[in-house]
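Order of writing sets the chain letters: A, B and C. Residues in each chain are counted from 1.
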Amino acid sequence: MIADLLASQREGWSLERPFYRDADIYALENDRLFPRQWSVVAHVADLPQRGAHVVRSLFGQEIIVVNAGDHGFRAYHNVCTHRGSRICKGDGKSPMLVCPYHAWSFQLTGELKTTRDLPAGVDPTQLGLHPVACREIGGLILCGLDIAAMPSLDAMEQAMLPTLRQHGIERAKVAARRSYPTRANWKLVLENFYECYHCRPSHPEYFRMNGHIAATAISDPAAASDWEEKVAIWRAGLDDAPYNREIRVAGGVDEARFTTYRHPIGLGRRTASRTGDPVAPLMGGFTDYDGGETALHLGMFGFLGAYNDHAVLFQFVPIGPDETDVVLTWFVDAEADLAAIDEDALTFLWDVTTRQDKGIVEENARGVDSPAYRPGPYTVLEAQTAGFVSHYAAMMRTLLSRDSGTQDPLRVVA
Amino acid sequence: MIADLLASQREGWSLERPFYRDADIYALENDRLFPRQWSVVAHVADLPQRGAHVVRSLFGQEIIVVNAGDHGFRAYHNVCTHRGSRICKGDGKSPMLVCPYHAWSFQLTGELKTTRDLPAGVDPTQLGLHPVACREIGGLILCGLDIAAMPSLDAMEQAMLPTLRQHGIERAKVAARRSYPTRANWKLVLENFYECYHCRPSHPEYFRMNGHIAATAISDPAAASDWEEKVAIWRAGLDDAPYNREIRVAGGVDEARFTTYRHPIGLGRRTASRTGDPVAPLMGGFTDYDGGETALHLGMFGFLGAYNDHAVLFQFVPIGPDETDVVLTWFVDAEADLAAIDEDALTFLWDVTTRQDKGIVEENARGVDSPAYRPGPYTVLEAQTAGFVSHYAAMMRTLLSRDSGTQDPLRVVA
Amino acid sequence: MIADLLASQREGWSLERPFYRDADIYALENDRLFPRQWSVVAHVADLPQRGAHVVRSLFGQEIIVVNAGDHGFRAYHNVCTHRGSRICKGDGKSPMLVCPYHAWSFQLTGELKTTRDLPAGVDPTQLGLHPVACREIGGLILCGLDIAAMPSLDAMEQAMLPTLRQHGIERAKVAARRSYPTRANWKLVLENFYECYHCRPSHPEYFRMNGHIAATAISDPAAASDWEEKVAIWRAGLDDAPYNREIRVAGGVDEARFTTYRHPIGLGRRTASRTGDPVAPLMGGFTDYDGGETALHLGMFGFLGAYNDHAVLFQFVPIGPDETDVVLTWFVDAEADLAAIDEDALTFLWDVTTRQDKGIVEENARGVDSPAYRPGPYTVLEAQTAGFVSHYAAMMRTLLSRDSGTQDPLRVVA
């Protein structure tokens, strides 16, 4: 049935209703699609010392990410191998991971240390923590559930590392973090994020502060070519450092989807603040303002928007068929004095815009919930959204055509 | 399985447990029964000018009812044909229906007005709003989901119009509106509404204020014939205007169920108030008090109780297998001064009675939820309830015997 | 599928994930296992006079337990045989059971008394209340849903009566009752209750107050044999009265599971209080403190812990696949002056311990909910838990191998 729906999916039109609401389709995504996706789950600043750990939800499964010192960052399911209790209730720091229930303890590298009480014949080396795929790139920690089937991150790392370093993300400080739980399917959240056709009616503040609106929020060929001209002039002023290049990789089942590109904020602005004036010291390798905005799509569920003086990480976290969490983290430079940062100024644009997005996406979800909903046509101003939907449908078709899903999330461990 | 349950339904006994609680049966009702039912969704006073609109839930589907001026009242699904967003968040007024997401706009008659952004090859005439059946009768606006399969309202209109006009409903003012959400299946709510056997133990105020109780709340042939005599005497004092006639149409799949009849309130009362004294000016065509109560059943889900000086509309709104909203609207005459109305006096009887009904029906639902529930016999004092249940079972049998349900609620539009 | 899971259940390891969370398995338990289990639902002190009744939930079905005077204690489903309304909203007392909806009344022995309104041909003797199995043993009232298939209580009654009498439970007073709703499957709650391996990390207060911890909370052969020696010395000081004997009956489909045994609290304590000093007068037949703790498992879902001066009843009440209520009742002697009891002192141990148990079991449930959960090995210190799980699996295998479940909970009545 789902295969039929996918087969009849009309290119350039929104998805059929079940994709936005049905528990069955969400379960299928959960079984086949999500376990193969890398997600940014934390920043190295969240785990500064050996033994530091954070608890995160990764596609509904709770994981522990731990700083294992010389062993780098590691991630495990937050489930004791004894009776199954959660091990960590929240973020913390300890030299071992100790389950509070019966005090079983595990090394930071996962091995069971408590072996005295084991019954005869039980092999403690089979009772280590269940690992989760974990990789750090330029300060961002990405995880994935199906350790045996994760797509390659090599191309993404190679393309992004210069950009992440230039923006100083590797050693950045977290200045603010906020969550925007949204009652809508994750695909509606992403469809909205991928287009700015709605920016004019829905985001007055964003509309006033961004030059690209002319080309993305209304069909006006003159305005669009005017904007292209401005971008070309701005780009001509840049050097050809790797971080100034544009790379777009559509990705698929075996390689991670990502994008890195830059364009000017425009309207005479140095950064994406209410006034256009800086809200924090220059970050990383920047020695002056070039008024640029760097856009990095990190897999399907992460995005980093980086300006000269700050950066904003977006984590899109599917919670259920009709619930998605959107978590924003604002970064400033490693050398910045957090006490001197005006948090309201720093967070203004993306806080107001994300609260508006939550509102309009929830209205979209309520409408799509009606039996009267029918797929509608994406306009030319929603080309990236159409591209995302097309990518999603292609991924699902491929994953469905395979014999079976990731039926055992721990199969490589067993 | 449901067909078997319906086949074995014992005449004169309450329904089997699944009919009062199972999601499957509710889904079947939602697919076959509800889309063919007319429901009163608003009064013309709710949409006084061209462009005024109200948002209502019709069997779980959100609709917009709009005053389209010369085009009369129209109703649409509250779903944009672009990306599916809700269009109206609430009641309001505007010359066009504009979706807040991407600002697509629609005429009050449903046509898409925004066509500039459409991709090539997309026909804007196919992107009008999805219509819902809509009909105004004597000031009441009725809607239905399956525009191609609604039962005829002609007989109902012909029978009721004189009554609605005599009671001044066409131009009445809304003096109060209250909602009584009830955690019970809609059939339990209606079964309760259709009998007064429970009035003696459950409604002391109603019991004291209504003369028909003697015949409907206890088996007492003497009291019953005494009441019949009183009604006959009262009726002899009336003229033979159409609104004084009694008409009962059981209805079915192709014709709407309705009833209109009058009887005296009795006990020396001019109206259904605590004291029996008027609570508002005489309505519509009445020039004096005749102490009558007019009862109009409007389809399965609506009822209007009209006295000489006020009227109360009951809307029974199924929300889910175990949830029903009951909405009461109190009307007074077009010429009445709302500021001079004592709202407590006006609403006393039906507010206290409906709150009591909510309580007893919820207790009924909790009991029926037990696996120990068995259908029980309706007594002679519950004849109308038995009739309603019999009508329901017959409707369901007919609708199930057809090849398929209303699988596409918009099939006539496509 | 469930049969396969049960067949592959590894002895000495925790259950597969579905047993702790799936609605299907809970539904099967509800259909086959629960209706055959006796549960303590009340104490005679809750229904002191003829006509007194209490409303209780028995495996999700609401029942009325009534003191029927010379007819003893009786229990019925809280469902009227007329239209199915709940009859009693809560505990109370009345000479008949009267449904508030239409005032149908029933004798305390269940027969319908209201017959005047019945339609012709309906036999009132077929409209009595639906009975539930009910038995009083030593002051405890036990009920069971499937009146035709309850396991025998004779052995349990014979074994426990001397103990319950010695502890004065038959005439005891209820000094306190508290509920600890726990978001976890009932088997996780019981698995936790059956072992003290977790007491050291999780229950500091209990740990300090109980001598058996040395043998149950850590693998230490020396400490274990030291404790056995202490128990042997203590036991040598007791007479051979029946209540001092140890009886353990594993039980099964046809006989109730129960245990009665005694051991010393130890650590120089006379009772299980913070200081070891009494918190109430001696109970029942005790004339001096022997520092003993009496443990009575009453079926699968009840436990009584009795000390010389007070007793604590545990009722484990499955509410849903992931919800269990734990209700504790503290008893003191019939002659005790309730006003003189220090409730904080009386309830200290089991209140703090049960709140901690709620916490750790909920953490266990959250972990088990993860797809990464795998059955783990019970240690030697969790032998009773392993035994409980083994008993459960055996019961389920037996019940599944039979042709069908208790499809009609009232089949003997019909």
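Please note the rule applied: contacts are C-beta pairs under 8 Å (C-beta built on N, C-alpha and C of every residue); 3 or more make two chains touch, one makes a residue touch a chain.
Treat the numbers as computed from the prediction; the structure is a model and nothing was measured.
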item: For chain C, the least number of touch steps when starting out from chain B; value: 1
item: Chain B against chain A, contact positions shared by both copies (same if over half, else different); value: different
item: Between chain A and chain B, centroid-to-centroid distance (C-alpha), Å; value: 49
item: Touching two or more other chains - residue numbers and ranges from chain C; value: none
item: Residue ranges of chain C in contact with chain A within the complex; value: 12, 14, 20, 191, 197-198, 200-202, 218-219, 360, 363-364, 366-368, 370-374, 376-381
item: Contacting residues of chain A [partner chain C, same complex]; value: 61-62, 77-87, 89, 100-103, 116-119, 122, 127, 130, 409-410
